[in-house]
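Order of writing sets the labels: A, B and C. Residues in every chain begin at 1.
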Amino acid sequence: MKRWLGLYAAAVYLFLHVPLIILAVFSFNSSRFTVWQGFSLHWYGAIFQDPQLAESAWNSVIIAVAATILATIAGTLCAYGLWKRGSRMLTGSLYLSLVTPEIVMGISLLALFQWSFRWLHWRMGLHTVILAHVAFSIAYVVIVIAARLRTFSPTLEEAALDLGATEWQAFRYVTLPALLPGIVAAALLALTVSFDDYVITSMVAGVDSETLPMVIYAMARRGASPVINAISALIVVVFGGLVLISERVRES
Amino acid sequence: MTGGGAWERLRAWFLLPARVWMIGLFAAPFAIVIAYSLLTRGAYGGLGQPWTLDNYRRLVDPLYLEVVVRSFGMAAETTAICLVLGFPLALFISRSGKRKNLYLQLVILPFWTSFLVRIYAWLFLLRDTGLINTALQHLGLIHAPLPLLYNDGAVLLGLVYGYLPFMVLPVYATLERLDPALTEAAADLGAKPWPTLWHVVLPLSAPGIAAGSILVFIPSLGAYLTPDLLGGGRTVLIGNVVQNQFTNARDWPFGAAISVALMALVGTLVLFVLRRQRGSLA
Amino acid sequence: MESILELRELVKEFASHRAVDGISLAIPRGGFFSLLGPSGCGKTTTLRLIAGFETPTSGNVLLNGAVVNEQKPYERNVSTVFQNYALFPHLTAAENVAFGLKRKNQRDIPRRVREALELVRLEGKESRLPAQLSGGERQRVALARSLVLEPDVLLLDEPLAALDPKLRKQMRLELKEMQRRVGITFLLVTHDQEEALSMSDQLAVMNAGAIEQVGTPQDVYLRPRTRFVAGFLGAVNWIDGVGLRPEVTRLSRARPSNGGRFRPATITGSVFLGNCVHVLARLESGEETVAEIPRNNGTYHSGEAIHVCWNPSDEMIFP
């Protein structure tokens, strides 16, 4: 049986990875058609010449970084608090936010921001996107940190208290350092989740706060172009790298 | 929880940011959506009085019922295929000894790279001028491009491709925790490998299979991007209808009603799962 | 009488070490045999080699005279009772017991299951799930599950380790009785010498992958062939390279004159154990000894000068 399982696994891994590999390979195709006509870095060059791509990429970075910082702080503190004593309400809502279809989350945030625009005169822009991204990222951070806390012994904090530390100091000087790898891993996760988001972002972004996924989507809608292949390849490499780092850090 | 007052205060402060966000940017928006679902479409789009349940009544209109049924069907198919494809893979990983982590990461890796990119990869492959058609024509196997894209099959493929890891990981987690002595005992008592799988391993993987199924079914049900890009305008699922109401059709109350109904279903499923797991975000 | 199970020059090497180092053993049919040894001595590996969960690096395992090295566990007519019982959690007690019978498509399963559960005295608990049974009950289900298949040999991997001490003593008697009743050869693996001594017809003492001695409990305890066997089976006082059990080591205030051997010593302490007293004494030549004396044989105080004496016939001498 082991032999069959091995063959089968190989087939599934091919299924999962080959489409992306093909995408990357054809990003180096000198022709814009799906016939290989020679190696070229032309399309990568085209990326850097497109101002819309540059601006949207920059927006994506700003949003991702800001949202990650906020979500990581909120999520870490939340996971710690829940570790002390659970809250079914909070855990339930976090879990719910994970499984809520993106389109539903998108339209409800749109409704919220419409309402806030009408009554508080808030405009839509980068800030609304950031707020939205934090909303769906917190749950991911909580999961990672909660898993980390499960392997952490509460007696360490008790020992700290016994030696004269306050509760806050026990957290700050004993637990927090131990959580650091998990926090880094969670942050990287939140970063990729935020950077990649299309559905929710497209609904709550203002006119001048286009993100990279939104531009890619528009381009894909218009028809395939090797430029998208090139961007995709770059994204896969960068995200893949971030995920690998995140896993390494998490295991340490 | 040890201690008492001081820990409680610390905990209350620590939970505050997450609570604020969940209330302000998750619960409150949804409350607004519920409110919208009870209003009426205004003359130029947007909202207006009166308060009504009409939007919910429209849900049972055959036109939309058809979409609901099709979405359920597609989500169920996706889940079933992911189970059939994913279980053997999870089994393989759980038995791969020292390389477990490597194989796990190979499953997780494509998933965490961009979702949009992954859908686009299939666009690139399946289009009329995509790689598959071009290659087949080149080889002389076909003369006109096959319509691989913009149909239910392509959407199903995209959904399975997107959500397979959601099935593999929970099933793997359960298989990993299975006492190896149980499979040894089965062999000891005379069961060959396939009967052992059927009578011992499979029944005991039920929790993982259940968790994986929910994690695949729910996002598939509310899928928007996959049917949008891979289905063209032809495969219309619940997610597409909702998005349409908030953009082109400008019928926010109706879109809101659909969303509320969808969330009611999702919420029920989640409650069911949480009861089994007793509230731990595992 | 041909042995039902034979090991010939059996070797099992792992990447890190040699777990079984060329052991040979012939286990007679129908008795209660034990493999005794400290953790890491290779006894569990030997058991797994017999059951078929490991294949030998070299050497042979013979069942009923036939070499079974290449046979899978489900092809061998031996059955294992695992240390933590390995009951299938999703099946009831009766379904667990029926499992092996169903795999071999046996007939008359309900009756055989019932009889097996009666043998282990678990009538009435057939439809309970393992989670609803106590530790002792789970062990009985594991026993019934294996015995119902009527194997040539029943392998037991530290079956009493998970039970609490009082239950353990009771189960020793029950297991022994059960073996006599069903007549199947039992092979028990344990690190507990009391267990091995009390239950076995014969036992083999293992150390570092090799067998140091095979014999009856009396043989092995009273006439150990190596220092290791002597030390593992019970406490030993070592005096001048000769071994003495504490229960044959006596104390005397006056110089003994009955022809036995004796040494001058000083009492260093005494430990009251309820049914007896262990008196610790240090000989003039430096060795520490323990004498086990009945509790009403007088009290000895630290610092007292006494003689440690013994009968030469009680000496355990090693080459």
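Convention: a contact is a pair of C-beta atoms (placed from the backbone, for glycine too) under 8 Å apart; a residue touches a chain by one contact, two chains touch by 3 or more.
Keep in mind that this is a model prediction, so the values were computed, not measured.
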Set of chains adjacent to subunit B and to subunit C: none
Farthest-lying chain, centroid of Cα atoms versus that of subunit A: C
Geometric centre distance via CA averages, subunit C-subunit A, whole Å: 58
Separation of subunit A from subunit B, taking each centre as the mean of its C-alpha atoms, in whole Å: 17
Junction residues of subunit B - those touching two or more other chains: none
Residue ranges of subunit B touching subunit A (in the complex, touch as defined): 1-3, 6-8, 10-15, 17-19, 21-22, 25-30, 32-33, 36, 85, 88-89, 91-93, 95, 101, 103, 105-110, 112-118, 120-125, 127, 129-131, 134, 138, 161, 164, 193-194, 197, 214-215, 218-219, 221-225, 229, 239, 242-243, 246, 252, 255-256, 259, 262-263, 266-267, 269-271, 274, 279-282
Residues of subunit C defined as touching subunit B within the complex: 51-53, 72-74, 78-80, 82, 84, 86, 88-90, 99-100, 103-104, 145-146, 149
Touch list for subunit B against partner subunit C, complex: 179, 181-182, 184-192, 195, 199-200, 203-204, 206
Interface residues, subunit A side, partner subunit B - complex: 1-2, 5-6, 8-9, 12-13, 15-17, 19-20, 22-23, 26, 33-35, 73-75, 77-78, 80-82, 84-88, 90-97, 99-112, 115, 131-132, 134-135, 138-139, 142-143, 146-147, 154, 157-158, 161, 166-168, 171, 189, 192, 195-196, 198-199, 203, 213, 216-217, 220-221, 224, 228-229, 232, 235-236, 239-240, 243-244, 247, 251
